[in-house]
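Two complexes follow with chain A in common, the first pairing it with chain B and the second with chain C.
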Partner chain A sequence: MGSVFRSAEMSLCQIFLQSEAAYTCVSELGELGLVQFKDLNPDVNAFQRKFVNEILRCDEMERKLRYIDKELKKDDMKIPDTGENPKAPAPKEMVDLEATFEKIESELREVNTNAEALRRNYLELSELKEVLKKTQNFFAEHGEGHHTIVDDAQNALVHDEMATTSATAVQLGFVAGVIPREKVPAFERLLWFACRGNVFLRIDEIAKPLEDPVTGDAIFKCVFIIFFQGEQLKLRVRKICEGFRATLYPCPESSQERSEMLNGVSTRLEDLNTVLHQTEDHRHRVLANCLKEIRNWIIKVKKIKAIYHTLNMCNFDVSHNSLIAECWTPVSALENVQQALSHGTELSGSTVPSILHRMHTKETPPTFFHTNKFTKVFQSIVHSYGIASYQEVNPALYTIITFPFLFAVMFGDLGHGFIMFLFGLWMVVMEKKLMSSKSDNEIWNMFFGGRYIIMLMGLFSVYTGFIYNDAFSKSLNMFGSSWHPNYSEPLLDSVETLVLDPEYEFDNVTGPYPFGLDPIWQASKNKITFTNSFKMKLSVILGIGQMLLGVMLSLVNHIYFRNPLNIFTEFIPEIVFLLCLFGYLVGLIFFKWATFTVHCSTCAPSLLIHFINMFLFSYTMPNDNFNYQCDHTNPKLTGCKATTVFYRYQNYAQIALVLGAVLCIPIMLCIKPFVLRARHNRKIRVSIES
Partner chain B sequence: MDRKIIPAVAMTSIWGFVGIVAPIFVQFCMRGSPNKGVVQVMLVLTAACCWLFWLCAWMFQLNPLIGPSLETNFIRYIQEEWK
Partner chain C sequence: MGSMPEMYFNIDHGYLEGLVRGFKAGILKQGDYLNLVQCETLDDLKLHLQSTDYGNFLANEPSPLSVSVIDDKLKEKLVIEFQHLRNQCLEPLASFLDFITYSYMIDNIILLITGTLHQRPINELIPKCHPLGSFEQMEAIHIASTPAELYNALHTLLIAYLEDFYSFCNEMGGATADVMCEALQFEADRRAFIITINSFGTELSKEDRAKLYPRCGRLYPDGLSLLAKADDYDQVRAVADCYGGYRELFEGVGTNPGDKTLEDRFFEQEVKLMKNAFMQQYHFGAFYAYVKLKEQENRNIIWISECVAQRHRAKIDSYIPIF
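The block that comes next holds the complex of A and B.
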């Protein structure tokens, strides 16, 4: 089905669809997923397109489905994921779907409004009950049960004997109601100031919170009762209560009436409770009915909308009653597209077949990569850096190995790498089961999507852990260390630490530790110095190796697109620059590793200094008796330092390399623009002449 | 001199097998499969990267210019236990 090496070859096709068959054909092509439609009506406004009505209907259906979804969420009913993928239904079924959604939505809205009205009623009755109870308590403290409220109040307020003579008795009025707890202090203060202290206010808290009918929140409220004298105060008190949105309740005078009312309210409350429960049950039943179907409905409506959007992109040919669509599709998938088209025509029952016609065009086709579940994650990582042009070499193919390898070079622990590998392996083996239990957890989905890359990273980390000799930060000694200290007791007694001399303590016959770093380094105090040198040189080698790979791939691109100008003005200067400077450095690293032993350690060149001096053109020439050879038969040589030239004609070679590299820069910068300009001018001249 | 070469030959031949022989083998085994190219590239790259990594570690220790700095107690222990 096409390789991952390059992006797939695409072809532009024209499809002629009969009007009846258009919908089903597009549905089949959508299920296939290998076709990208071109918009043939780019200047047409969205509202002037042919199928705008259908799309508006789909939008309306989606809105209803969202409402039902919200109601389901309010009741904590989770939509079950059956894993089904239903196809888009035929246009005539759309009417049925619309009717169903309409019915369910209106029913739900009705139930909700009823429930809200019932809850409001319930709240009022509960508050009235509280008011009655509290006033009962209040007056029971201050008088006998048979007096009226006013008498009781008078008794409570006016304590001296004179109040009993009813001639001068003052007529007190009162109001009782309920107010939210937070507003009580402000309410008290305002009443005191507005009525100049001539009212009596009594507040009592309601123990349990009451439910707000609209939002469903629990609000704490208090019962209050206010006594005042005269009409003016009464009006003032009422206005203040209205201002604070306190609900006032009519409270009967005599305590007998109060107790009767209390009983009545209690029974009404119970009845209301039952009705509320039944309303809730009804709502629950309606929701449970749509719970099974709603996921399929959502998918179907999405597909219908997508099909109509696609049909909007086609040209409508009135003369032949057909739709013309243009699409990009990979050449390897042309067969499948043909099959889908014929299947679609068959399903719709139309007799005229749809025609697929390949077109040749100079436009640049879109880039398409065939990926399977393994290569998908690497391709998406590379896409985040940038998408390759049409038919360029695909970097993702090499990323499959280089990305985990470079991670492992950085990670480098055997034990932890093994655990990471097991985690990745578990996810890969249990792939089917883990994929079917769809999770909403983003972090888990991220890990699961990268299961192959985690497995590879773990595997390479095990290998680099072996080489770094690092298993849970401890070293393994599998082959026997190559360092054999041989010191006498007195020497060992006299000092705390000793530095082993490679000349005497290193076993040159068996050679270095065969696989990785020697385990003796783990116990040494200068381990960091040693490994730093190793890792820096390793990074230079690996980095330049990867850059070389990249430049070689660009050569492959130039050859494929038959672009000799690029080979001479881009590839050759690039590779000369890279190799002359940094390839030379890598060569020096290997040369120093191979030839400089401990016998010439004073002469061992510092590569960093030599590299810097190369650019500064400064060379320290050695003495005349300096021998460029270095082996342990010669005595330790004099006259050389880390900065001395260490092979014959080094200064000439390096000057040549630097000049060669610097020469590449104007070649890269200047030649190609002028050549392109000359070609462009020639083309213009030719077109003017002809 | 001889014993030094054994690990070099062994590792080079292992990774040479993975990087050169195995892809040729895959060329004939997976002839029809669409993933043949991917598998071959993976094998070659793995062999190249891992062999290069091993080579750097081995060559770095071939001619050491400094030695480890150890505590004397540890040196005593080594002189007893390790041969």
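The block that comes next holds the complex of A and C.
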């Protein structure tokens, strides 16, 4: 179904849908997933479109489903994911769905309100129980002098002018209640200020937390008791308690009444507990009933909404009672679209078929790539740089190999690469199971989405690991090193470092290490210097090679779009510039590798210096008796160093290349804009004349 | 390098200024208002607001919608955004944002005390308070025994707040002082005008009235003394004529259809000042301006919602356009 080489050929189609069949046809097209509808009503407001009522109904249904979902989450009931993908139901069934949701929502709301009221009741009774228990303690006789709390209060509040004997005790009123723990300090302060110190307050903490009826959170509260004298203070105390949301409870004075009340409250609490449990069970049953269906419902409602959004984009033709839609679809998929349309018409029971016909247009079609699970990740990496325009060459095809390969060139470790490969392989083999577990973890999803690329990167890294001879940063010696030191044993034992001259200590008979870097470099001090030079040259070769591939692909684009102006003003200067400067550098690298041996190593040119001098037009010529051959002649005699010219007529060749490259720059920059401007002016003149 | 505070502004406040400018970009434009006035029902309004920065803020409200629900949700959105700014900020921006909330707190206290004076239960009053100005012990207000005294104290509190805010911004210097001092001067003068005009025909004596004027505006001291002596609307207008910028506000005001009220003119001027606040960068005025503009936008949306809900579309265009 289309190649990876270019984006798929698209065609603009017009579809005539009969009103009865429109819904099912769009549903079938949606399931197919190969059609992009154009919005034919861009100026119309969202709330003035044709199917706005149905969309409002869908919004309402979604709201109810969200509410049910929230309730399920509150009870920690996980929605089972069967992987089913139900189709959108017919519009008649929408009414049934609405009724079902309405019923479930109202039932849930009712149960919740009841449960909340019960819990509130439970909270009040628990608090009352605590108040009764604690006031029991407050009023209990304690201490040697059998002081009761009332005596304490009397002593605190009543002035000394009165008789200190308890015979003339003034009647004190009191209130008892419960207040949240965090409000206690502010409460005490305000009481002191507002009542000018004429109240006596005692606080005792409730050890275990109580449950908030609405949210279910644990709240810590304290029991308090306030003694005061007179009606005015009583009113003030009540107001302060109201302001701090402290609940007051009627507390009888005598100990016997209190214990009776306590028993009564305890029995009521037990009864409430049972009722609460039953309510919770009922709620659980309601929720369990919808647990199986809710995922399907959510999908169905989403599909209904999407269908109506799509229908809103169509034009309504009143004369023929049909909807006209315009859409983009790949040419290769036209038959499938036709089939889907006829299937949809069949399902809806309409006798008039829906018509699809291709339109010709000058508009640029959208870019569409067919991807499978393997190419998807490479295509998305390319998309992050930008999406290709219609029918341009698709870089993703080459990225499949170049991306993992260049990664491997940078990674280059046999051992770590193998581990990476195994990780990728595991993810690929367990694909189905891992995909169905549907994790929320973003980082895991990123890794899992890139399983193919991770596997390839690991595999290529194993290869480059062999070339760099690097396994967990150690070298493998599989074939025997080609360097044989020529030193005596005692010398080897006594000295720490020795120099191995490649002229004498390198085995020229058997040749170099067959595959990869010689393991002797692991032991050498100048390993980094050597491998740096190798890796830099390799990077330059690979990089410029890839750039050359890119420029060649642009040539393919220019030929396909029949754009000779681009070939002459873009491609040719680009390729000349690239090859004259950087292609030449790559050539020099290969030349140096091929022709310079150990015998003329002092004359081996430093490519970096030569490249810089090329742009500075500065050349160091060797002495006259230098014959540009690699032999044992004395470097001092020939005057050749790393910076001297190393092949005949090098200076002339390089000057020519630099001038050629520099000439390309104005060609690239200046010619095309003027040509385009001339074309544009000509077009305007023609349109004015006609 | 102390003379270039703009260099260091972004270290502490860069993220929040960027965020507040993003919020400002989400304020409804003229095109949105044109669409909103075409709505027939509140559901249409909700549908259009879905495509703006408000998104699905009404998504979980059961239909039918009511204007009070929309009002609550609009306020909630502003509060969430403001709380986020307040939670992420450092000094001195934190003090600045607190200053902004003080005015709402004072309004809430006035509301609660007035309600208590009229014997309303506290539970009825608390939901009417503005959420930006809620603070602990707000509910303990109603225990005050002599609310009448507190009432007068509150007005001096309001004046003290404005003057405090003004001196705070003045001390900060730089662009903050430029923008905020102008805004607060306008606020002070506006209060002076409104108090004067509202006091005609009441028992408020001229000396008492003079005590209620904030002193941080442009009218201090001459204009305020003239206003204190004013007896009717024309004298107030004469005072305004002496000040450039206030003269135009009194033009075109009247009770004929097609005329605007004085409050509307003041709102328009406030919107203009607040929009100018965004012209400069690296100052706190942007935060104040954002809160004020959002308040105006909420008033606009509620006005249009009321007109739509009551099907009385005659004055639906009387909202104050912002952008």
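Keep this in mind: the second predicted complex is superposed on the first by the 642 of 690 C-alpha atoms of A that agree within 3 Å, B and C clash if a C-alpha of one lies under 4 Å from a C-alpha of the other, contacts with A are read in each partner's own complex, and residues count from 1 in each chain.
By our rule, a residue touches a chain if its C-beta (ideal position, glycine included) is under 8 Å from a C-beta of that chain, and two chains touch if they have at least 3 such contacts.
The structure displayed is predicted, hence computed values, not measured ones.
Once chain A of one complex is fitted onto chain A of the other, the partner contacts of A:Glu20 are absent, as it touches neither chain B nor chain C. Once the two complexes are laid over each other on the shared chain, residue contacts for A:Glu211 go to neither chain B nor chain C. When both complexes are overlaid on chain A, the residue A:Glu257 reaches neither chain B nor chain C. In the superposition on chain A, contact is made by A:Glu496 with chain B only, not with chain C.
After overlaying the two complexes on the shared chain, residue contacts for A:Arg66 are found with chain C alone; chain B is out of touch. When the two structures are aligned on the shared chain, A:Glu107 is found in touch with neither chain B nor chain C.
In the superposed model, B is the one of chain B and chain C that contacts more residues of chain A.
In the superposition on chain A, A:Glu98 makes contact with neither chain B nor chain C. No residue of chain A lies at the contact with chain B in one complex and also at the contact with chain C in the other. Within the complex formed with chain B, the residues of chain A that make contact are 1-5, 370, 372, 374-375, 397-398, 400-402, 405, 409, 463-464, 467, 480-487, 492-493, 495-502, 505-506, 509-518, 520-521, 523-527, 529-530, 533-534, 537-538, 541-542, 545, 590, 593-598, 601, 604.
Taken in their complex, chain C has these residues touching chain A: 35, 38-40, 43-44, 47-48, 50-51, 59-63, 122, 136-137, 139-143, 145. Within the complex, the chain A residues that touch chain C are 45-48, 52, 55-56, 59-60, 62-63, 66-67, 186, 190, 194, 236, 239-240, 242-245. Residues of chain B that touch chain A in their complex: 1, 3-4, 6-7, 10-11, 34-35, 37-38, 41-42, 45-46, 49-50, 52-54, 56-72, 74-76, 78-79, 82-83.
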